[in-house]
Amino acid sequence: MHHIALWVAAFLTLGIISFLYRDNAWYKICESVFVGISAGYWFVSYFWDNLYGKLWLGVFPRDPAQQPDYILLIGGALGVMMLLRLIPKIGWLSRWPLAFIVGATAGLNLIIYFASNVMVQVEDTIRPLFGANYSSSAYDIVGNIVVAVGTFAALIYFFFSKEHKGAFGGAAKVGIFVLMVTFGASFGYTVMSRISLLLGRIDFLMGDWLGVIK
Amino acid sequence: MNGRMYKYLAAVAVVTACVLLYVGKRVAWFEDMMFPTWLSILVCVLIAASMFWILLRTIKGKPAERRTVFLYVGIAVSLPLLMTISVHVPISTEGQLLFDGMKRIQPGSKVLVSFDYDPPSAPELQPMAEAFMRYCFERDIKVIIIGLWPQGPQQANLALAKLLAEPAISAKNLVYGVDYVNLGFQSGNEFVIQRMGSDFKSMFPADYRGTPYDSLPLVGNVRNFSGIDYSFNLSAGYPGTREWVLIGVDRFGLVMGAGNTAVQTTGMYPYVRSGQLKGILGGMSGAAEIEELTERLGKGAKFMVAQSFGHMVMIVFIVIGNVAYFLHERKKKKA
Amino acid sequence: MRREIPLLITGIVGIVLVVAYFIPHFPFNRMADWSADWFSIVAAFAIWLGALNLFRLSIENVVKRKPGWGYAVVIIVCFLISAGVGFIEGRDFRNPGSASDWIYNYVYTPLSSTMFAILAFFVASASYRAFRARNLDATLLLLAAFFVMLGRVPIGDMLVGFLPEHWRLSDLSTWVMNFPNTAGQRAILIGIALGIVSSSLRIILGIERSHLGGD
Amino acid sequence: MKQRCRNRIRTVSLLLIICQAVVSSATSVFAQSFPVTDSTIASAHVEAQVYPVPPDAAPAPPLSVTAGDTPDDAGGSLTIRWDASADETRGKVKYYRIFRAPNVGGRPGEFEPLGELPAGTTQYSDGKIATRKGFWEQVLHSTDSAAYFYKVAAVNDSAVNGTVYWQAQSESEVVGPVRSSAQWFNFQRINVLVGLLLLCAFIVYYIERAKAGKPIFIRKIAGLEAVDEAVGRATEMGRKIFYIPGSQDMDQVQTLAGITILGRVAEMAAVYDARLEVPVSRSLVMVTCREVVKEAYARAGRPDSFNEKQVHYITDDQFGYAAAIDGMVVRERPATIFMMGLFYAEALILAETGNFVGAIQIAGTAEPSQLPFFVAACDYTLIGEELFAASAYLSREPRQLGSLKGQDIGKGVVLAAIIIGILLETLGVYHFAQLFKVIGY
């Protein structure tokens, strides 16, 4: 069985890779298999983990000692409303769960992004550049200055209600340089990621399938 | 030769290749195909020479075709796997920071590992997951697994199966539910973390096998994050490390380290500097780092040579492209 | 009514979740939890919509014999197989040894992994043909990329082995990642966070309502 | 101490509240220790009876033990604090053991060990408190139903290699009964509240101002200045303009921003009489884009030039979408390509192809991992927030302009705080940064 399995996996892997030469039927079959299988997998996962594992078991617990949590039923009702989209006449009801999702996301994001990405990041940017109470090597001092100046300048670049002229424009220019270095690092890491993923597949083909490498 | 003929030939070639590969595997042609050192060097020289040739052609105004580039990337990534070169992985400060944090976990502590990725990112994250959990198991640290991605718990199972088969760990006779537990997946993204902050059990009434939460000794008395001593997040996107930091760490005071795919690692550095994250591992090189630090070399370290070659080929191609640009394209654009 | 009630729901839920951050007392502490529960249940229902949509589109393709309808058949069959097997196997469908686990390991995993793996090729050809040091900005970007790409793998240090320790490419890339990269990412973080606060605020106050469909 | 402060705070004015919170958050930074839990030390195998305890082994007991409600929480937790045993520095304390007893008519019942903590710890949060059940009971009562007594013992043992041969412990005095309660406001977070209210006030203020007709200045954005030229070029060359509004659905803010910009580009295209084509990847996006483009043509006074087929759906699949556009671009060789919205891995395929056919490319996204490809392969790139600003910039919609301005003021405050803070810290004043400290539960 394991043997067949490896060949199936290799067949599918090579099918996707064949796209590099050009679009072909082999690739299209593999792609369709992918779409179908993944949709089915997600579907089942959500069913067993949420609808059954959470909603059903929450409202009708198997363990008699556990209190049924009827408040989950509101979620169930919202979920059913979501499905009403399929019935055009009362499809407008599906806006309620949507409104709930948007409101919940907005409310939670508002507070967590403000607290973590504004407050904490500002707090951390405020560090002594150098000073008596601070164990500082030249490396740290330069680093602190780069982070402080860089963050400052890059934020100035994102300032929209003021013309980028004079000193302000100069700072914005420094900001764009910092952003470019950031994007360069991002690019380097993206390349690293993609090559790793390819390595994973090559490892499968040469190691698990053919057994060339161990 | 007409197109039809061409297609048949291609099909025959593929089938022949398959048969050859199958027979080859059966009679073990491919065993011990590792390159000796002289061959490794020769291969490198040949690749370098041919890239020099591409440079010359590009300078002459004939840039390489897309498929040529594809071919080179393929070669650069697959041939080094056959070479017997061992390398030393440079340890980054963030990786060291993470390992220092891991060293502070006491035996018997409870560690929450969140598997927030799917198979495509497994080459990068699976070695990290294995290295981290191996470290825990070897030191009698208890592991609680959850997943914010539906495929996460399954990836965890793969890692567990591999680790539990290792002699050093199987000798410990680890018991499911006592030494480790897999609570499975819950949908709801960051809301799951939010909810776990006040009550694990309501989010995971049962583990992924359906065992009720309270009958699992390991988590029975873990009510919320305050019962967790350390947490490790393996993340490939949303929901992932960012959400864990924003909610788990900042709201509920979780102590967290993370392993990320390289693509999203760069965005996490501000959190590392501010101490919201206690270290981070980025991509395959991060995996190699943790393997080196825990002194158990695995796939991450094994792939580093091929990874290096991949990067080199990429850089050389960009340089070639830019040479062509400064010699030709720029003039053309000006004109 | 069709517009007012959703707006009201959005506003109330949003405000409650913001307020709950500051009030640890019941019932506010639980409101965030309840929304979390409901949210995950609604998400589970929403996947039905997606699956049904895929199904409908595929069947339409088959019935109308659109070009490539054969592939639509493959989609339908694969969907039915993986969903059917999962339903039959019950809650334990992910256990090692189950048929779903087999499908996951030998069909789903290779396909999804390879889909992303071939991006390595595209990155290479795109970089070769499009990455030009056309101005100072792009030059900086490329240089930073080179340092990081070389510094994060062993080959970087091998190439510059003549340099003293702590001055090699790996140290340089660590420096780039920890300082300039942190600065840039932090500015982006703060900027985007402010943007999210303002758009969330507009949504909660009902100023932004495009998610409810056009007026 | 913190508890006492807090009780006083409730009675004084708001100003005092803020000052106090600042101080308390500042002090709590230093007071906070590593989060402590009940399982930090593995319970080792004890064989205490077999081996005699050496004389002098028992450490001095922990002193001044206090127990009280854990502040700023939802109840269900009590905090026990103590001063380290005098013998801790001499290495005679291996760990502390916490005991708890239920309240039986005002007297402690039987004590049970709760957990063990390594030497060096001086506080413990007991989270296993019986809480009230039932909706109304929880709403109406802040205090939890049960009260408890506590004591702390310093423990010394002979643990070598996990086997314990003897163990000696000395217990502190019993404290209690104490009862936990839930609070109506988390004072540790008052700084977040103040900051958030300020920012929201700026945004709302400027939205109102903009709605009232006050002009709001937005700086030039290079990519948008070039839109005119790019559209004009397409007309000159007699080739098409492609507009790609990202590969994601309508639930993404970036997609919305991309569509807003499309409205302006379409209007310009109608004026210049250039041919515009919008391939999209989501059916909802297609519907919206059609509306937007149609309206734009009408605004430009050329409703007849609009053809529904200009906006067409390709596929939901990420790479399928990219491959299809790839083919179209190579075949039709558009003069100009716009890519505005949320892109993932397909970004590089699109940008490369456009660059290859020599089109002028103007791109914009807030997805940091894709920005490098746009920056390197496109002529102009809107970076991050610029994409959102672009929709305000082009649409001139007062509410959008206003909130952009409000955000900018927020940014200004952040910048000022950074400068002031760094100056103060460098001079040795360390309290300012604590204003921004966010404290978890």
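Read from first to last, the chains carry the letters A, B, C and D; within each, the first residue is number 1.
Note that in this section a residue touches a chain if its C-beta (ideal position, glycine included) is under 8 Å from a C-beta of that chain, and two chains touch if they have at least 3 such contacts.
In this text the structure is predicted, and so the values were computed from the model without any measurement.
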Legend entry - Chain whose averaged C-alpha position falls nearest the assembly-wide average: A
Inset, instruction - Round to the nearest whole Å and give the separation of the Cα centres of chain B and chain D. - result: 25
Inset, instruction - Calculate how many whole Å lie between the centre of chain C and the centre of chain D, each centre taken as the average of the chain's C-alpha atoms. - result: 17
Inset, instruction - Mind checking the centre-to-centre distance between chain A and chain C? Centres are C-alpha means, answer in whole Å. - result: 3
Inset, instruction - Give me the residues of chain B that touch two or more other chains. - result: 70, 73, 77, 120-123, 184, 186-187, 191, 194, 198, 202, 210, 250-251, 263, 266-267, 270, 273, 282-283, 285, 307, 310-311, 314
Legend entry - Sequence positions of chain C contacting 2 or more other chains: 18, 21, 29, 32, 35, 37, 39-40, 43-44, 91, 104-105, 108-109, 112-113, 115-117, 119-121, 123, 125, 127, 129-132, 137-138, 141-142, 145-146, 149, 152-153, 177-178, 181-182, 185-186, 188-192, 194, 197, 199, 201, 211
Legend entry - chain D residues counted as touching two or more neighbouring chains: 74, 192, 196, 199, 368-369, 372-373, 375-376, 384-385, 404, 410-411, 414, 438, 441
Inset, instruction - Draw the chains as points, connect those that touch, then say whether the picture is a line, ring, star, complete or other. - result: complete
Inset, instruction - In the complex, go through chain B and note every residue touching chain C. - result: 63-64, 66, 69-70, 72-74, 77, 87-90, 92-94, 118-123, 151, 153-154, 157-158, 161, 184, 186-189, 191-192, 194-195, 198-199, 202-203, 208-210, 266-267, 269-270, 272-273, 282-283, 285, 304-305, 307-315, 317-318, 320-322, 325, 329
Inset, instruction - Quick one: which bits of chain A touch chain B in the complex? Just the residue numbers, please. - result: 20-21, 41-42, 45-46, 49-50, 53-54, 57-58, 61-63, 66, 69, 104, 108, 112-113, 115-117, 120-121, 123-124, 147, 182, 185-186, 189-193, 195-203, 206-207, 209-213
Inset, instruction - In the complex, go through chain D and note every residue touching chain B. - result: 35, 37-43, 74, 118, 125, 127-128, 368-369, 438, 440-441
Inset, instruction - Would you pull the chain C residues touching chain B in the complex into a rising list? - result: 29-30, 32-33, 35-37, 39-40, 43-44, 91-92, 94-96, 101, 104-105, 108-109, 112-113, 115-117, 120-121, 123-125, 127-134, 142, 146, 149-158, 168, 170-171, 174, 177-178, 181-182, 185-186, 188-189
Legend entry - Residue ranges of chain C touching chain A (in the complex, touch as defined): 2, 5-7, 9-18, 21, 32, 34-35, 37-52, 54, 68, 71-72, 74-84, 86-87, 90-91, 93, 100, 102-121, 123, 127, 136-138, 140-149, 152-153, 173, 175-194, 196-197, 199-201, 203-204, 211-213
